[in-house]
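These are the structures in question, set out in turn.
What follows is a pair of complexes built around chain A, which joins chain B in one and chain C in the other.
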Partner chain A sequence: MTVVDNLMVGLETALTFQNLIYCLIGVTVGMVVGVLPGIGHLTAISLLLPLTFYAPVTAGLVMLAGIYYGAQYGGSIASIMINMPGTASSAVICLDGYPMTRQGKAGTALIITTIASFVGSCIAILLLIMLSPPLARAALSFHSADYFSMMALGLVAAGTLIQGSKFIGAASVAVGLLLGIVGTDVSSGTMRFTFGAPQLFDGISIVVIAMAFFGVTEVMTSIGRVRDHALNAKVTLRSMMPSRKDLAESRFPILRGSAVGSAVGILPGAGGGSMAAFMAYAVEKRLSRTPEKFGNGAIAGISAPEAANNAAAQSAFIPTLTLGIPGDAIMALILGALLVHGITPGPQVIADSPELFWGLAVSFLVGNFILLILNIPLMGVWVRLLRIPPTYLFPAITLFIAVGVYSVANISFDVFLVAGLGLIAYIMVAFGFEPAPLLLGYVLGPLIEENFRRALLISRGDFMIFVERPISAIFLVLSVLLVIWVVMGSRTPKTETKET
Partner chain B sequence: MKRLLAAAIAAIVASGAAAQDDYPNRAITILVPFAPGGVVDLASRTIGEGLSRRLGQEVIVENRAGGSGFIAATAAAQADPDGYTLFMGEAGTLTINPSLFEDTPYDAEADFTTVSTITDTPLILVANKNADFKTFEEFLAAARAEPGRITYSSAGIGTLNHLAPEWMAMEGDLDIQHIPYKGGRPAATAVASGEVDISVVSYSSTKPFIDSGDVVVLATTSAERIDPSPDTPTMQEGGVPNIDTSQWTGLMAPAGTPDSILDMLNSTIAEILAEPEVAKTLTEAGAAPYPSSRADFDAMLDRLRGQFATIIETAGISAQ
Partner chain C sequence: MPFKMRKDLGAGLIALAIGIAVCAISLTYRIGTPARMGPGLVPLVLGVVLVLSGIGAILTGLRNQELATEMRLRPMIMVTLSLIVFALTVERLGFVPASALLIVLSGLSESPPNWRALAILCVVLIPAAYFLFIVLLGIPAPAFDWNVR
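Then we have the complex of A and B:
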């Protein structure tokens, strides 16, 4: 089948009434949770994940994905208006977005980020459409050794590219690995840490982990968070009209941001949007003739990272849907949704369920159009969302968590598990633990172990299998290069400090 | 006081008898040991919908996944034997678990009684297209020439596609190497990619790889040739005796459920499975409608339990 045939299949699927409605719900929910600081898209996706079990798989995924990229649009609104990122990946937008608001240019900032989001997403979606089928075909010949090395690169990337404390990052991944070990070992059939409870034979469900570490924890930490930035700017349609100069100044940053974002998104384990946004910001600052403007309302400082985090949100689907390897915590949840529907993520998904893959790809385009249309006239409504009192929001979310967890397997054990783990998670996060690397460790850890041991079982204990297979060898070399690059980079003094 | 007690007992007995006469007079629940999606869930939903249509009562399909089926099976085993709680079993929960686990929280033999088998999905032995054997006979010769060289993939330890090849190895005196995967799909992909040499998989899940030529079908594990691939010989034809297994599902009830209810359900299910629409739904998922008498189902369970106990002991498999 040619690309055109495939896209026709996708169009037919994406434009059914049901899928359009799910797409609309998804992007709207995404916008709302994106705008609201305190509940992120991870929380929203964990909450709605059980709901998708009762919908057809394509519709369910269309909705979950919509939440993800919808939140990337919404996240920057809170950053720009009240200097508080709605999602982690829009944190960098605060740097120049909020100064623009203080200069009375909130409208311009909002429209530029909307355009940047749209362009970034579309470029990455095109990449997804072009790149996925050949990648999936190639991946059909991947063996366990190749998967091991690929995921090792992912974990190395997650560990080395992490922002903030490397130690805490590594510790978070390690705790995730430990949580992932619970259950029946694939290679030996041994039960690990199940304490004889059949509820734990298959491990702790990803929904439980996500709800505990993102739902319960987010609610509890948000309660204690003080909102000190008053919302005072008004946004009118007229104030949103960008000047010709604004557009000209953001054209190339948007394109560069899209490129950076697409590339980072594909890398498994790179943490998706926030990594991409920070890298795009750094690139712009480096390239700019007026770097001193950054931090004081430089338009390139919002357009490039915004394009990057949206591009990354879309291109992260490439390894997820073609290899079955999640790039970040959200993709891990998407994989969970596939598994519940009886679809094992992997290279066979595109061939087995073309309507799922192509329907999803086209729905991304549809969803981004909806977001573009939704955003321009409704910007005032989104901004007003920032005034919802948490007194109503947080108890409602807590209730959804309990109902959602129970509905996965109809087992009340899971609800208590979330409550217990949620409390532990809250304490851990209060001490600076990172939930996102933890979830990545939880998902990738058991996969890495399984593939490592299986590769050795097949090679009859010969470790050379990891370097003899060319694909595996390439990924191992890349991992080593990445470590060397990071170590070298941290030794040489930063260029910025030299210039000043 | 005595009179009151007698009256109470009489009332309970009477209501018991009445319950039997006008069964079902409220919703029936089918407990399913797997998550939605997959053949066991589909069989439950299809038969649940049919029963609801014919008996005029709601039938609730409740998925209680996990714990090798322990959770759903234990709940069903402890339910009142009144016909309002049923259990959709399959090879794992009813015939393999008792031998695989040192200790199960339910007794697969004593806690349940049979209602009817529901579906049957044939299993086939496939080989990677680059393997140095193209037929079952050539495979047997290759396996005997180099013991331990040939690897096979399974959906996990103690699954049917682990035990079926072990059975073949036992009866055919072969030495083949087990490589476990997590689930049937990765196991099938592994033989298509050439990571392992062979696998015993369901015909329906492997069809894309058969069509693309990545795998070659060698034999079926059923006793007779199978409909979707009539040219494929059985393992018994190929000279490995006794092999007779497939992926089936069967409806069970808690032990002590009145025979009148069980017989009524059995004949209603036979009628449902004969409906063309139902047959079509199941066949599209690779499962053939598989009605049976309760006596035949009992005999099959007995045979398979004994068989799997022997295989698990001979191969030294355990899940602890």
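Then we have the complex of A and C:
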């Protein structure tokens, strides 16, 4: 099939009434949670995850993905208006976005970030469309040993490319993997870590894990703490008209940001949007002829990172959908949603369910157009969302957690489980455990164990199979290099870029 | 009522404790050989990883004085309690009372609680949630019930 045929399949799927509605719901919810500081897109996706089980798989994924990239659009609004990032990946936008607001240029900043988001997303979507089929075809020849090593690389990256202690990063991944193998062991039928509770025989639902680590912990952290912020600037449509100079100054930063973001998004475990945004900011500052302007309302300081975090949000789908390897916690949730619908993620997805893959890809384009249309005339509405008092937010989220978890299997046991795990999660996160690598471990746990066992079964217990197969060997060497690099005390890219 | 503890030290102790427990439980499963792996091998390896990384974190924690993020006792207790009460009541008293209890209990995380906001939430949110989850998605939970055994 040619690209055109594929896109036709995608268009037919994405433009059905049902999928359009789910796309609209997704991006709107994404915008709202993106704008509101205190709930991130991870929390929002975790909260809405159970709803997708009631929808067909494509529609459900279209909605989840919409929340993700919608939140990237919305996140910068809070950064610009009240100097508080709506989502983690828009933290850099505060640096130059808020100074622009104080100079009375809030409208310009908002429109430039909207344009940058749109361009960055579109470039990454094109990359997704071009790159995924050949990548999936190449991955079809992967054996279980290769899969094991590829997932191992993803987990090593997730555990080491964090800011805190690498020991705790490794422990986070291990705890996640263990949570993933709770339940009946597929090959022997043994019940593992179920403590005799029949409700655990099928394992812990991804909804319970996600709600505990991204819902309950968020509520406990923020309830009664996020205060109202002074919202001074008014945004009118007229003030949003960018001048020709602003557009000219943002053109190349947007393109460079899109490139940086697309590249970072593809790397597994690299941390997605926030790292892409920081790197794009650092690149612009280094290239700029007037680096002293950065931090005082430089337009390149908002356009490049904004293009980058949106590009990363889209290109992160490339490894997730073609290899079945999620790059960050959100992709792990998307993968988890696929697994719940009985679709094994991997290179066969594009060939076996073309309407799912191409429908999703085209829905990204549709969703970005919707966001562009939603954003420009409705900017005033989004800005006004910042006036919602946070007091109303967190009891509502708690109710959503309880009902959402209950809805998965209609048993109260899961709600008890989320209460207990949530409390443990809050304590663990306070001590520096990382929820994102943990979730990655949870999703990959059963898959990695299965491939590990199968590889050793084929090789009759010979561990050399992991080194003898060239693809597997490359991934293992990369993992080892990554560990050496981190152990040698070189700073992670995250901290490096933050200092510049 | 916030309380603080040493970060790496605490995390290391948590990892060590989980690791030891996991190792002990894994040893009760069949370990097997690499060619024919039993269900205990992978958990055992992960348990060892946890023990080692726990020891590593404890050793760094002896030097690193950095404190853990402040934990807030009141939200910890109230949010956990609100979820437990919901789980206990949703099938016994029904969806509406369970939700109302959850909203009020989680709202008590704030001091002083904003009673007006909680009342508005109960009036607006519960019908909305009832419509979404029970009418639209068909979750089998009654609005009101009385099965106290």
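In this text, the second predicted complex is superposed on the first by the 436 of 500 C-alpha atoms of A that agree within 3 Å, B and C clash if a C-alpha of one lies under 4 Å from a C-alpha of the other, contacts with A are read in each partner's own complex, and residues count from 1 in each chain.
Going forward, contacts are C-beta pairs under 8 Å (C-beta built on N, C-alpha and C of every residue); 3 or more make two chains touch, one makes a residue touch a chain.
This is a predicted model, so every value here is computed, not measured.
Chemist: Once the shared chain is lined up, is A:T190 touching chain B (first), chain C (second), both, or neither of them?
Modeler: Once the two structures are laid over each other on A, A:T190 reaches both partners.
Chemist: Looking at the overlay, what does A:D202 touch: chain B (first), chain C (second), both, or neither?
Modeler: first
Chemist: Would you check which partner chain A:A430 touches, where first means chain B only, second means chain C only, and both and neither mean what they say?
Modeler: It touches chain C, and chain B stays clear.
Chemist: In the superposed model, does chain B or chain C contact more residues of chain A?
Modeler: C
Chemist: Applying the touch criterion given at the start, work out whether A:L457 contacts chain B, chain C, both or neither, answering first, second, both or neither.
Modeler: Both partners, chain B and chain C.
Chemist: Tell me the contact category for A:S141 with respect to chain B and chain C: first, second, both or neither.
Modeler: In the superposition, A:S141 contacts chain B only.
Chemist: Can A:V340 be said to touch chain B (first), chain C (second), both, or neither?
Modeler: first
Chemist: Which holds for A:T2: it touches chain B only (first), chain C only (second), both, or neither?
Modeler: neither
Chemist: Now for A:D352: first (chain B), second (chain C), both, or neither, which partner does it touch?
Modeler: After superposing on A, A:D352 lies in contact with chain B but is clear of chain C.
Chemist: From the superposed pair, tell me which chain A residues show up as contacts to chain B and also as contacts to chain C.
Modeler: In the superposed arrangement, which is not itself an observed complex, chain A uses residues 187-188, 190, 410, 457 for both chain B and chain C.
Chemist: Note which residues of chain A are touching chain C in the complex, please.
Modeler: Touch residues, chain A against chain C: 51, 54, 164-165, 167-168, 170-171, 174-175, 177-178, 181, 185, 187-188, 190, 192-193, 216, 219-221, 223-225, 389, 391-392, 394-396, 398-403, 406-407, 410, 412-413, 415-416, 418-420, 422-423, 426-433, 449, 452-453, 456-457, 459-463.
Chemist: Note which residues of chain A are touching chain B in the complex, please.
Modeler: Listed in rising order, the residues of chain A that touch chain B are 53, 57, 140-144, 184, 186-191, 197-202, 340-344, 346-348, 351-352, 409-411, 450, 454, 457-458.
Chemist: Would you pull the chain C residues touching chain A in the complex into a rising list?
Modeler: 5, 7-8, 10-12, 14-15, 18-19, 22, 25, 29-30, 33-39, 42-43, 46-47, 49-50, 53-54, 56-57, 60, 64, 68-72, 74-76, 79-80, 82-84, 86-88, 90-91, 98-99, 102-103, 106-107, 109-111, 114, 117-118, 120-121, 125, 129, 133, 137, 139-141
Chemist: Which of the residues in chain B end up touching chain A in this complex?
Modeler: Touch residues, chain B against chain A: 35-38, 41, 62-68, 70-71, 74, 105, 151, 156-158, 177, 179-186, 189, 192-196, 208, 214, 317-320.
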